[in-house]
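Structure below; questions to follow.
Chain naming follows the written order as A, B, C, D, E and F, and within any one chain the residues start at number 1.
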């Protein structure tokens, strides 16, 4: 039956062809999501595409980068044909580069600043790239976890649909580097490299591990990153 | 023979189709149980369904969440067609959101508060979602263990049938994240992802690892999470 | 030849069908033994059955639990048809529930108390369930080891036949959680789950890893826990 | 379609036959790259060849070694027929040997010095061999990460195309030793040993794991180090 | 050729049938040896048999136990038909039980005491059972290593042929628990359990990993522990 | 082509039959080399043979042992028919036994002493057996690494061809115990045990992992240790 489509919760689409079809019930608005993957799996692209999809529909968006410069993010988006500079000058987009070391040191005050930014800006979509770089700046695990917990909570309260990016654990592609965000978020997307045993060609594969309150495919599907962004091949298989 | 059904101990059912049939002897009332699983395996759904099953029978229930807001929990339940808001307004249900950081800092006083809440509320069923988030807030393992030990003991003394949820260890799906609750509880349910080697479709599987004083199946069975909650397929096999 | 049966050392039986036949030479009296297994493998049942076997023969017994209440232990025994309450009221049995946190903090004075209890009570059999919970309460490994060492030594000096239960290491079913008791004890019984690769039914298997000064089978044999306790199937095989 | 070739970003070549063909879109100028590999996989050779390729085209280059002496680096280059002493005397090349212990202790001031060196020297290409030796000199992970983060950022700001070399993690050839540089860099090249199960001959294999804003092959290809440097065999396979 | 048999160094035999034949060149007198194995593999038996072999030939021997009581050691030996009490009363043998905690705390003074004991007693063979229990009592690895180093050196200087017993590493049967004694000793014997994949019967296997200045078999051979001690089956194979 | 043989750098041979043929280009003089292997793989023999090869040709040599006594080293050499005592009395050889604990404590002054010894003695070849024992004496990884770094640098500056021995990592035979020397040295030889899955006979295998500025075989070849030292079988295979 189709009961999952009759829900009261407003649903949004991510903006990634193939993947949105795998999210059968749609992601609830104002969800806190995370995309987990190791270096080069396309996390930043995923985040940019997610924002572009909203911007195209007239939404407002904020991209916070802890890893790259504002300039690099804008250039990457434009490479893909997404007019982020235009969106910025028209007041629809804010790209903010934060220093992770400073951010970690003043997170409690920054939490307020970010919430205010989101509220005043009336942002619909937010990306933080990456939460791992923030997590890494804490030496004590309990301190790290409580800070991340408070931070994710303040993001949820700010009422914006948020996509965090996170590095994967070195041993387990289905776990985040510090093993906490996947439990604090409403949805988890896992990007991974699949390396065949004959050492030929590495493939990229995506799995939806969790979407609270939504039905979704549990298949692992191949995807590619091209000049146009990420495309997931629902009809294809990894092997 | 049927000697295990002639026991003096009162037994309850969980409320999950298929799974209750696997618990041959029934779970003793006032047991402390834990459901272990990684992100998205359905632990929160399991807990909500466990409460709903009691509420339907006129029992009283408490849901303590350390991960989500009250609002999110109520919405999730209603999505599944379980009238949690009604139960609350009729005085049968209390949904409490606690801050894990604060909880860890004042656990000894909170223990008393929670016990009192349970007693005054005359709760029959309690869910704590998740004990891992509480455990994570301690830096020193011995401190963590002694706090968790005292906390579980006070829950048992409060005389309520309790279901804890716990994240799984990253290396071993049959162990909890911090490796202690499975030893302090009377029953252990293990939820896990089974990923086939051909990277096609991930399956969900449940095993009853332990129920003190009860006979139970030792089979691993597939289950699904749908708009109606969790269903375990006793007739099917994973592979 | 049969020279191992002509030994001067007095030997006892455990009281578990099938397993006692695997202990060819018998366990020397006043031995310190450990049963290692993960949650639900039957360690507590093993300990209760070991005491019941002695009590039936008119021996005196002490059960120290760090995990459960006195009441829970008595109820579990009675569920299995072992009249532990009777034994207690007749002065043959003492069931003691200790708080592991307090126990760890005052172990040196408790050592004396326990020795005195054993001597005054004239206990023949003692179970401590579980030594892991005691070990866990120490933060520093060297401190933990020296305390456990002194504690096991004082048990041996008290002249009682003792069965410790211990959680298994998460990575290695043949090692105890903290990797020390198996070296300090005279006999080691390993209980483990064997999970077939097709994810069907989990089996329980027992191996005698060591009995100082005794011949024993080195086979791994299936066992079951039923309403009557543990039975080992000597004629059957795991696969 | 060929849209990835019409980008506005200036692209450079590395100077390694076979590998440059695998970088379909070219590496953006002023990128920060890293080559990851265990001892002897050819990281230093890779860095020298990268500089030589620029020097041949009239570019200016800086080689910073934390592992070897200036003399050793110059000798190695000359062994391969690359006239590094000539380049130095003509003012096109600077080879600098830094002490990693001192470097770690005064990194914040050194950052300024290195930036000034690059700017005054008008360096087009820079190699730092190896970033792992720098990372190793810090005891606290968070301190290490923040220092490395600030250092890589200052390199990017200096506007030079940079190749870092990094030791591989002992457990995972696709991760750097300390697991951070692969996230801070724009491109990641992985060099690894492939050892056949029959213990015959060890092979060398390269994979491009990531190039931000560029299309690239995802194949793993064999390479050799000869007296002339590194050659990647695009037509061959590892097995 | 037979040149290894013409050596100037005096050689001794261990006293274990089958194993002595595997030591083709004989163990040099005054060697420091270690037998590595997990609980129950027969390390204590190995040590007792080694002493008994010397005692039978009129040598003098010292057995230092950190794990058991004097009484337990004497009883175990007598169980095997080795008249250790007689040897003691005749002044050929000293069995000493030391407390590992105290030993660790006063090792530098004890070193002198032990050396003096050995010299005054004119001991030919010494067993220390087990060095792991001593190692465990130190919290800081460097302290542990330097103490063990100094201790082994003083044993060598005392001019006695010594057999240490050591627990195996949990992950690697060929490494000692703390991974140092195998490097400080002249000979390494590895005892291990071999468990077949069908979970039938566990076997015991011995390998000579190293004997400085001696030729030896590199085969892994099955052995058994019986009422008469350890016998190695040179003609048999594990599988 | 043969261009690698026309190099300007002076090359030396190790003195191990079979292995020198695998080093196609020869090891550059004044190189810093390391031989990595677990206990008993022949590291000390490798070092002695390397010195003997130089001594036979009239070179001068220093052997520094941190593990054994001077006497033990001289005896081992003479066992193999290498007249080390003669070389010593003729002033061609110095065998020095250092205490690793003291060495670690006064390494900065010792560095000067060793350099002076090498220079005054005009040593051509040096062996340090083993660098792991030195590394182990430091508790803090960063301290350890900086000390080892400075020490290897001072050895290189002393202008002697040096062979360090190092214990292997317990998990990875291709990595040194502390994972640093293989990056600081010009050449890496890996000695390892290869154990067949049928538990029959353990074999010894050698691989040249790296020689800076030299061509070399990448094959893994069997070797044996006999009364005459190490012989590598270039024509044979492990399996």
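In this section, a contact is a pair of C-beta atoms (placed from the backbone, for glycine too) under 8 Å apart; a residue touches a chain by one contact, two chains touch by 3 or more.
Computed from a prediction, not measured in an experiment: that's the story for all the values here.
Peer 1: Upon optimal superposition of chain C on chain F over Cα atoms, what rotation angle is obtained, reported to the nearest 5 degrees?
Peer 2: Fitting chain C to chain F on C-alpha positions yields an angle of 120 degrees.
Peer 1: Counting only Cα atoms for the centres, state how far chain B is from chain F in Å.
Peer 2: Inter-chain centre distance comes to 59 Å.
Peer 1: Suppose each chain is reduced to the average of its Cα coordinates; what separation in Å results between chain E and chain F?
Peer 2: 29
Peer 1: So how far apart, in whole Å, are chain A and chain C when each is placed at the average of its C-alpha atoms?
Peer 2: 51
Peer 1: Would you pick out the residues of chain B that each touch at least 2 other chains?
Peer 2: 171
Peer 1: Pick one for the touching-chains graph, please: line, ring, star, complete, other.
Peer 2: ring
Peer 1: Output the ring sequence of chains, start chain A, direction chain B.
Peer 2: From chain A, continuing first to chain B, the chains appear as A, B, C, E, F, D.
Peer 1: Sort out for me which residues of chain F touch chain E in the complex.
Peer 2: 38-40, 44, 67, 69, 72, 75-76, 78-79, 81, 100-101, 104, 130, 132-133, 136-139, 167, 170-171, 193, 195, 198-204, 226-228
Peer 1: Under the definition above, what is the set of chain D residues touching chain A in their complex?
Peer 2: Checking each residue of chain D against chain A gives 3-4, 7-9, 140-143, 145-146, 149-150, 156, 169, 171-172, 174-175, 179-180, 182-184, 188, 194, 205, 207, 209-213, 215, 217-220, 237-239.
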